[in-house]
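Please go over the structures that come below.
Next, two complexes with chain A in common: one pairs it with chain B, the other with chain C.
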Partner chain A sequence: MATSPTIPTENRFLDLDMPLMLDGGQSLACPRIAYETCGTLNAAKDNAIFICHALTGDHHVVSDHPKTGKPGWWVRMVGPGKPIDTDRYFVICANVIGSCMGSTGPASLSPDGEPWGMRFPVITIRDMVKGHIAVLDALGIDSLHALVGGSMGGMQALSLAANFPERTRAVLVLASTARHSAQNIAFHEVGRQAIMADPAWRDGNYYAFGKGPEKGLSVARMAAHITYLSEAGLTEKFGRRLQNREEKTFGFDADFQIESYLRYQGLSFTDRFDANSYLYITRAMDYFDLAEEHGGLLANAFAKSKARYCLVSFDTDWLYPTAESRTVTHALNAAGLPVSFVELSAPYGHDSFLLDVPALDRVVEGFLG
Partner chain B sequence: MNAAHAASLRPDLAVIAENVSPGSSVLDVGCGDGTLMQALQAGQGCATRGMEIDAANVGACVARGLSVIQGDADKDLAFYPDKSVDYAILSQTLQTTMRPDKVLDELLRIGRKAFVSFPNFAHWRVRVSLMWNGRMPVTRLLPVGWYETPNIHHLTINDFRALVKERGITVEGRWFLSGDQNCSAAAANFRAEHAVFLLSRGN
Partner chain C sequence: MATSPTIPTENRFLDLDMPLMLDGGQSLACPRIAYETCGTLNAAKDNAIFICHALTGDHHVVSDHPKTGKPGWWVRMVGPGKPIDTDRYFVICANVIGSCMGSTGPASLSPDGEPWGMRFPVITIRDMVKGHIAVLDALGIDSLHALVGGSMGGMQALSLAANFPERTRAVLVLASTARHSAQNIAFHEVGRQAIMADPAWRDGNYYAFGKGPEKGLSVARMAAHITYLSEAGLTEKFGRRLQNREEKTFGFDADFQIESYLRYQGLSFTDRFDANSYLYITRAMDYFDLAEEHGGLLANAFAKSKARYCLVSFDTDWLYPTAESRTVTHALNAAGLPVSFVELSAPYGHDSFLLDVPALDRVVEGFLG
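== the complex of A and B ==
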């Protein structure tokens, strides 16, 4: 693993002293939100860029991951002199509520001293955004220079822009959507069922046993991982090549490289992610439909926004295909807002927004100004 | 438009830039790399937005800080609200669309006024080439062979005049260019390499 030059970051916790009211009707008493900052907030507090992370992401954008030791998930994009330039901007990323990386989630202790487990209330993308707003309030930031998010991060960015229109002046959405499609929900349901079918899940009460539903979570991750790639990408990377053997074994070992790769991806995921968090966060994504929240018309969601928008899709992304970004673009146009949209060509499928796509760097840098 | 900005633009774009009211809102359909949009923003203080079919061009526009969406004039204009800009601009793009007449309708629905520029297929060089060689012309303004040209609906200035008359569209201004020289309306269909029209639906 290539080590990146250490970029000074601050990892902090915000402990809310009041309950977070949730879309589901419940509230979360005094939740904790973990966040990372990088760069310097100027005196006017107008140079902040907030990054929203994806499903299994976290707030370690540039700092090394505390469990895996790998560099932050977006060091390619964020840092001094990078497209999101921490010499100029104060970059913030907060771990979503429901997660297991520092913010309050199902693995956290509830007020009765036991882990929440499945007693944790079901949350929505908008609930995650309320947590982000709490961080902005705590930092005294009235209005962001820009809000940036890919995949589930893009959903949060759209939700924040729609529900808290005065809090950001620009919104950059990568490989995302304004609603989860039937296909998106279907893949998530496969993942959740895999977790819940694992006897070690124990209705979510596995924390005391020292071992969670690792098999189930691993299968969930394997299925999801396929949706993040493209057929061409898989063919190029693995083809039908065999794993460390000359011939097929006529058994059910991981004969093919792709099998071995997926098993590794699934297994290593269980080292860093909580199965219940996976259930809750995928549920939040499935419930996401920004138009539904605003009378069924997506353009209405942006009626009070005055921000600039930029949407980017990738031609090989079949999880959140270009048509989804177009739908958002047309709604923003109908709302009379300045909007840019481009479909970039990249071979990596949905994951393209995290990988080496020089055209993306230029768009991000240009849009942020 | 100050002279420095206008001078660096392609002649038809310079005509458009000189005749857009300062501070107006503009949609540039087929905006390319955003040259006209940037000139209108910097020189005229216009609020600009663009549409462009080529991803690399859109990327270049966004990198310049312009608001441009990747889209196709034949399909994606439908998503713009009525009278949402002062000017809809279509420069050197009409002849590349599937249905130029419908695109024209869309421009005049979205814009209070529309600028349209196009190469004149009845220019004398084109006529001479056809007459003497019997081949589809390849000229300075039509530099690509028939089989790979994006220009699928060649038209002449007189064709365009007939279309706007038939559709009851008001011509508020027209400019005929040979190189960067103006030529008269009377001789335009023979002498002009390209034309710029400013159109409206009247009242």
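== the complex of A and C ==
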């Protein structure tokens, strides 16, 4: 198992001493928020960069993942001398509420001592952001040097910038969107139905049984995983090559490498992720529509922002294609805010923001200054 | 329920009196092939057009579907005075082997009197074509005026033209491909895993229980259905509109119209299609690689063909995008065969070949002459 180079990180918990009021009208009593920090907060507390993670990500940006033992998900971007330089910046990443990696979510115990399960309230991207704000408050950080997020992380970044405009001076949004499209919702709905179709889901009350809806969650992950990759990337990586065999078997084993790869992606995901969290977080993403929250006009969302922005899309990303970033850029233009936008060429589809794209490193480093 | 205008059709069965030798090395003892004809075969038997159906299609091109009562799947294209004019042509469509609409498939009884289930041999597109040839033989048709197919029907058309070159004088291929890509295989594998994950699948032995893996099949259909539509088409048709409600429910009901639509598509599919047939037919499509069958060079597949060809793609089809049709066109060019190719603009994605695209009607009518 690969390990990260030793970069000092702190993994901490924030236990809120008040309820978190949610967009759906309910409140979450005294939630816990797990977060990681790396680097040193200066005396002026003005060198903090907050990173928002994606759907199945977590706050282990740099530290090894506690379940898989794999290096943090963004070690290539974050660390001493890296584009997000922890020698200069104090980097924070908080696990979103609703998740299963330390922050309160459906697998957490509710006040009655039993896991929340599907009694957990439906949350929104803005609710996740309220959790992030609580972390900033606890750390005494009034204004971030920058806010950075890819995919669902980009949605949080846009939501925070719109709803808490005084809390950040720069916003970097990678491979993201200001609203979930019908196709985005459709793929998520397939995943949710796959989970809910699994009898082991038991209406979400599977925690006492030791085993959750692993088959359903695996199918959900397989379907989603296809959307993270490009058609050309899949062709290059797998094509029609067979998996450890010379001939097709004329059966239903994983003859093709792509089948074997997808099955592995699905199964390994079930070791590290909670199925109910997957339901809640995909729901939050589907509900996300920043314009709708602001009177139907996206530019209105940024009316009080004074931050500078950078939007990055990838030419092979068909999940949140370039047009989505362009829409956000136009809204920021309309709001009179300084904004850079670049479409980068990379073969990896949506996942490009996580992978080895040197041009992205230069954009991130350049924008953070 | 809509009904077709009364167009006289004949629905017949051909019971082969010999085994069908399959590409996988097994044989299928005396299979039955269900087919529909429309129009009149002339004395010279040279006015026949054979239509090949798609994955979940069947031979009810013009006649009402026996299970759903809906009009035949291509009544807009086939009939008296239609682009495929049954006043002039004798139109034939045969249900592919492996299917569940009359031709022998996994739900049929095997020689031991029990349903085949997963004992049914894995079939290929070429095996389906052998069934079509048996129908042509039975009807005494040496050479078709034309062979027409969209999607998986196009694969059959290409395979028939390549493997039985003397049997057709023209080949019209719509929204299809000469080989399944890694992404195509990936989506099918998600569907198969969804079916196989359903405990009601019972390793394929569900026929005695009255109820099959309906939830799994429904999820498979939902995932596939997304690939049949375009992102822009979904946005135009559904956008983020809510289903019969003013506000989001902050729950997991089908708040969005696209969710409701997909759930309906999934559920209604289970009323008319056999889950094991879905496994076998998707497998046949994934195995399809016409170049591989012919020494790795697609042009070789058409070495003995003397037919004229027409390839049609749709600009919003991301399942079998235009590049796939272009690849076939180039191979036909290399084989020195007369070929037309056109990319049509239509908003419906892959399903465009089934829908109201007047430009397609003109291409079909023009090519058939």
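Structure notes:
The rule we apply is simple: the second predicted complex is superposed on the first by the 367 of 369 C-alpha atoms of A that agree within 3 Å, B and C clash if a C-alpha of one lies under 4 Å from a C-alpha of the other, contacts with A are read in each partner's own complex, and residues count from 1 in each chain.
Simple rule for what comes next: contacts are C-beta pairs under 8 Å (C-beta built on N, C-alpha and C of every residue); 3 or more make two chains touch, one makes a residue touch a chain.
Because the structure is predicted, anything quoted here is derived from the model rather than measured.
When the two complexes are overlaid, the chain among chain B and chain C that reaches more residues of chain A is C. Legend: residue contacts after superposition of the two complexes on their common chain; A:65 is shown touching neither chain B nor chain C. Once chain A of one complex is fitted onto chain A of the other, the partner contacts of A:240 are limited to chain C, with no touch recorded for chain B. Once the two complexes are overlaid on the shared chain, A:256 sits against chain C while remaining clear of chain B.
By the touch criterion defined above, A:231 reaches chain C but does not reach chain B.
By the document's definition of touching, of the two partners only chain C reaches A:198; chain B does not. Of the two partner chains, neither chain B nor chain C is touched by A:12.
In the superposed pair of complexes, A:187 makes contact with chain C only, with no contact to chain B. Taken in their complex, chain C has these residues touching chain A: 23-26, 118, 121-122, 179-183, 185-187, 189-190, 192-194, 196-199, 215-216, 218-219, 222-223, 226, 229, 231, 234-235, 237-240, 248, 250-252, 254, 256, 258-259, 262-263, 266, 279, 283, 286-287, 289, 292, 318, 321. For chain A in complex with chain B, the residues that touch the partner chain are 308, 310, 329-330, 333-334, 336, 338-345, 359, 362-363, 365-367, 369. The touching residues of chain B, when paired with chain A in their complex, are 47, 49, 55-56, 58-59, 61-71, 76, 79-81, 84.
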